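So, here come the structures, one by one.
First chain A sits with chain B, and in the next complex the same chain sits with chain C.
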Partner chain A sequence: MNKLKLFSTYFILSIATLVSLFPFLWMLISMTNKSVDVSNGRLLPGTHLIENLKSLFENYNVGSALYNSFFIAIVATILCLIVSSLAGYGFEIYRSKGKDIVFNILLLSLMIPFAALMVPLFRFFGGVSQTIPFLGINTLFAVILPYVTTAFFVFLFRQNTKMFTRELIEAGRIDGLSELGIFIHIYMPSMKNTFAAAGIISFMNNWNNFLWPLVILQSPDVQTIPLLISNLGSGYSPDFGIIYTAIVIGTIPTALVFFFLQKYFVEGMSGSVKG
Partner chain B sequence: MNLRVSKSLIGWIFILLATILISLFYFYPMLQAFILSFKSGMGASLQFVGLDNYIRLFNDPVALIAIRNTFIYLIFQVPLMIIIAMFFSVLLNSPNLKFKGFFRTAIFLPSVISLVAYSVIFKYLFSTDGLVNEFLLSISIISEPIEWLMDPFWAKVVIIIAITWRWTGYNMIFYLAGLQNVDHSVYEAARIDGANVVQQFFYITIPMLKPIILFTAITSTIGTLQLFDEPMNITMGGPGNETLTISQYIYNLSFEYTPDFGYAAAVSFIIVVLTVIFSIIQFKLGGERD
Partner chain C sequence: MKKWFLLFSTVLLIMALSACSSESGSNSGAEGNSNTDSITAWAWDPLFNVAALELAEKQYTQENKDFNLKIIENAQSDIVQKLNTGLSSGTMNGMPNIVLIEDYRAQSFLKSYPNAFYDMSDYINEEDFADYKIPPTSLGGKQYGVPFDTGVTGLYVRTDYLEEAGYTPEDLTNITWEEFIEIGKDITKKTGKKMISLNPNEPDHLRFMVQTAGEWFTGEDGTTANIGDNEAVKNAMRVYKEMLEEDIAHINTDWSSRIASFNSGEVVTVATGNWMTPSIKAEESQSGKWKVVPVPKLSVEGAKNASNLGGSSFYVLNIPGKEKAAEFLADTFGNDVELYQKLVSEIGAIGTYLPALEGEAFNQKDEFFGGQKVTTDFVNWMREIPRVNYGMHTYAAMDILTGELQNYRTGKKLEEVLNDAQKQAEAQLN
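Let's look at the complex of A and B:
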């Protein structure tokens, strides 16, 4: 009876694994095949990979989309870590009634769905375009700015700051460090895990973001990887080999982040469930 | 005294940047959207029209279809996914199981891929001459190909299957973390008392995981209310408007059709109101367990 139970457990988990992994295998196989072979459902790797890559870089400007996506994800993540960690630290370490009220108000922003913000934001950046062109519509900074910090990240840093040993701050003050010096030289090094977790979440979100770039990047010359994949996929005569190659290229960075930083990833997730 | 004042001031400086950014990119546009929802007009020439947009909303068949579709996704997808995720987490928690790490990583892996990328893959897998039909035909479950994306019913099914594929592993991780806090001796005691596997699941596992189930149910609900990437890339909202979601309709009103920002803002308040209701439930229930 027990053996049967164990066997069916393995059986069900194997099916689940197969279903979970199949789309990944399919995209990896299809990136090496010609469009015709892909649409015939060929399940073996082919020899068309180099041609697909070449065509993607020459005809579809994937290079510029990759550059834009990396620029957006990296700059947004760095800014997010700085702004959110400063705020999380400030709210917890310099706690006061006034700041707690501000914190609770900021948390209300978690309830605001992006669908309600996109039109006003689009009009806002349209206005900005008139005066500061490098921050307006069709610019990478317009993609980045609304995502620099969210209440979620401030909350994540504040929660984790609760575990930070306050005696270290006093020690820093006695050593003559400034308040910012304490933050940089004592707090930041001891909170590496939180920074890693927040950094991964921010990078993933920004790398994969679709709706806001779709709204604000109106010019076909400025694309991100998700926009490029979406455009390739909605064409009338899609070249499947090329599309799957683009999908694989777009998935590699987040997959690498996941495999190398898995531990922090799960930590960040469970950090968010504590709320 | 002087030192304390300056310290408090430094505290405010630490939180200043985040406070400004969140106000500028959340609260200010939210206020703008609210004002906008009482105006109407094409493009930039907007006039104050009072409640007209909200009246129009309740008489707009497309808006009502979008609301209906969003609720269909919610009612079927969220429970389905939670049940599957819990089932897998219980299986992965069985004491004698080998290759746990492998199974866990494999089932979690879909959470890594971008919404656009997996949507495009699913669109092709479920095309009429796609692999799913080919597979179902080859094992004789169906005798002729299903027109997945052309049929109002099957198109919704595809969207639900897709979201479930993408998010089950993600939610499973939360349940696994919760199950690790449950002492195995509790199950041992239940077994001695004669409880079978099903009883153990309903009387031990579910009550123990209740707070996590609520958390995942509400985050998934709020996520589904804002569903956009999948219908946009898998079905384009079609056939007709049969898979259109509220977010997608707002996008179409603003950027696909002749822009009517005022009406789009009014439609967006459906999502705002629903999100606020579910968030309050979450805060209330979350508060209870702390």
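Let's look at the complex of A and C:
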């Protein structure tokens, strides 16, 4: 009975694995095939990989797109971690009369879809362009700024801070640490799982972000990887081999980030804190 | 931890600094709209529209040496998104000087953003262009768009399959969709190949079927729904369903599987716009096995064996640099006969500028199509395309009809289908 149960568990799990891995397999196989073979649904690896890579790198500025994507994802993630961890910490640790009302209003902003914010934001950055051009339309900072912090990350940090032992703060104060010192030397090391989880989510969101970079970035030299991939499919006769090659290149960084921080991610999301 | 924090801050600082320096470098180019020396254009498809603009620039700069065109390539849906956001925010900041817009969408842009586009009436002569291109590209008697490529449709046929079933391409020339279905049933029976590939979730065939009858989903004003009592729509829906029911249709689910349907030799015919030619020719092993005949028509009075699917036109935005951009378009796509020869011979784009649609480039025999003068034929059919106003809501109407097509297939009566579609359209479109 037990064996049967085990067998059926693994059987179902294998099918689920196959189903979820197939798109990746398809992606990897397709990057080695010619466009015609891809559209004909060829499931065997081909010999066209070098040609695909060559024509992708020769015809499109993949290097600059990778740089832009990395720049946006890394800077936005770092800023996001700093701002939202401080905010989450402050909301939970410090006493203030109106803090719960402010926090609830902040949470309400989660309900506004980005599509509704897009036009006002564009207008705002149009105004910024007039006075501070390096923060305005068509710059990487205009992509980053709206994502520096969102209510979600503040919420994530506040929830996890609930499990942070307050006695440590008292101890720190007695030992003469400044408030910022307590945050840096006591809070940050003990919350590294939360930082890792928030970091992964923020990195992935920013790496994969499409709509906002699409409208705010205009010229090819500030293009990000998702925009580049979208452009590859812009023709009446798209070259699917090249498209899949670009998709693989665009997937690798998020996959790597996730694999390396996976352990922390699971712990951070479940909110455990090691004492 | 302190070390980490320091490291983080340093990385951040370095990246910020490097970005600032590279930003100031790229900014000079990015401000194409305020800096009137350089004209920016947005277009999709590097091998087609972008290539056409590059050719035009090459021709134009021979005489205007200081002219500088910056072409930015974006997917069509992305251009629509960017234009809508930019124009509705009211700041023209970051908008291009020239933009390519598909004819089906043009009216909604022209009407929604009244002062955003520059009147081209003084720069080009609208009578020089194919008649059917004018209603989508003009508004209130003013010509805004410079008509570019034609989406003239044809029926690509596999001659070897036809022969196997005892038919010739002539049997499929100038027929109605009913005749097409009859022949299709016979060919499918004899060869085992499906006659046509359809995607019921994206029934774009309906669009050019309806246009063969000179009708559209909206009325002359471009906004009133015209589905319920529209014989052409009724006919097209019936034909579409019949093709699915008679089992002569191969079902595709997306663009790549549609292309696969003919690249892999599963279907006998492809009914679509002439821009499909490169995708058909991509399968070199099928060279000599294809021909193109006029697209079938609806059996509605006045219907012609000519229609259009897609096609787009250039527009100039009402921002600094507009005169320069307008002169460029007028001198190239609005005037340059030689350019149109190159467009055909170098990128296979068939324009709609009538004075330039003959000459050597248009008379080339294409060995892939068994020596047929494909371009000549397409141009001749283009002159026949019935003129319709695509109005404001082509894609909204198509969404409604797509939904109702599913109801129709599962047994709902055609009259009810059309009446319900009409009601939905009246509620949604205004």
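Annotations for the structure displayed:
In this text, the second predicted complex is superposed on the first by the 241 of 275 C-alpha atoms of A that agree within 3 Å, B and C clash if a C-alpha of one lies under 4 Å from a C-alpha of the other, contacts with A are read in each partner's own complex, and residues count from 1 in each chain.
Convention: a contact is a pair of C-beta atoms (placed from the backbone, for glycine too) under 8 Å apart; a residue touches a chain by one contact, two chains touch by 3 or more.
Everything numeric here is computed off the predicted structure, so don't read it as measured data.
Per the definitions stated earlier, placing chain B and chain C onto a shared chain A by superposition produces a clash between them. When the two complexes are overlaid on their common chain A, residue A:Phe240 makes contact with chain B and with chain C alike. Legend: residue contacts after superposition of the two complexes on their common chain; A:Gly127 is shown touching chain C, with no touch to chain B. Of the two partner chains, chain B and chain C are each touched by A:Val119.
Of the two partner chains placed by superposition, only chain B is touched by A:Met27; chain C is not. Of the two partner chains placed by the overlay, only chain B lies in contact with A:Thr9; chain C stays clear of it. For chain A, the partner that touches more of its residues is B, with chain B and chain C as the two candidates.
Judged by the touch definition given at the top, the superposed model places A:Gly176 against neither chain B nor chain C. Of the two partner chains placed by superposition, chain B and chain C are both touched by A:Ser230. In the superposed model, A:Met188 makes contact with chain C only, not with chain B. When the two complexes are overlaid on their common chain A, residue A:Met111 makes contact with chain B while staying clear of chain C. Across the options 152-160, 188-196, 206-214 or 224-232, chain B meets chain C in a clash only at 152-160, per the superposition defined above. Judged by the document's definition of touching, chain A residues 39, 41, 118-120, 122-123, 211, 214-215, 230, 233-234, 240 lie at the interface with chain B and also at the interface with chain C. Put simply, chain A touches chain C in their complex at residues 35-36, 38-41, 59, 71, 74-75, 78-79, 118-120, 122-123, 126-127, 129-130, 133-134, 136-141, 184-185, 188-189, 211, 214-216, 218-222, 227, 230-231, 233-238, 240.
Within the complex formed with chain A, the residues of chain B that make contact are 7-8, 10-15, 17-19, 21-22, 25-30, 32-33, 36, 88, 91-92, 94, 96-97, 102-103, 105-107, 109-110, 112-125, 129-131, 134, 165, 169-170, 173-174, 177, 197, 212, 215, 222, 225-226, 228-229, 232-233, 236, 246-247, 250-251, 254-255, 261, 264-265, 268-269, 271-272, 275-276, 279, 286.
By the touch rule above, chain C contacts chain A in their complex via residues 1-2, 5, 8, 11-12, 15-16, 19-20, 23-24, 26-27, 29-30, 32, 40, 44-48, 70, 72-76, 78, 81-82, 85-86, 88-91, 93-94, 96, 255-257, 259-260, 263-264, 275-276, 278-279, 282-283.
On the side of chain A, the complex with chain B involves touching residues 5-6, 9-10, 12-13, 16-17, 19-21, 23-24, 26-27, 39, 41, 83-84, 86-87, 89-91, 93-96, 99, 102-103, 106, 109-124, 145-146, 148-151, 154, 179, 183, 204, 207-208, 210-211, 214-215, 225-226, 229-230, 232-234, 240, 243-244, 247, 250-251, 254-255, 258, 262, 266, 269-270, 273, 275.
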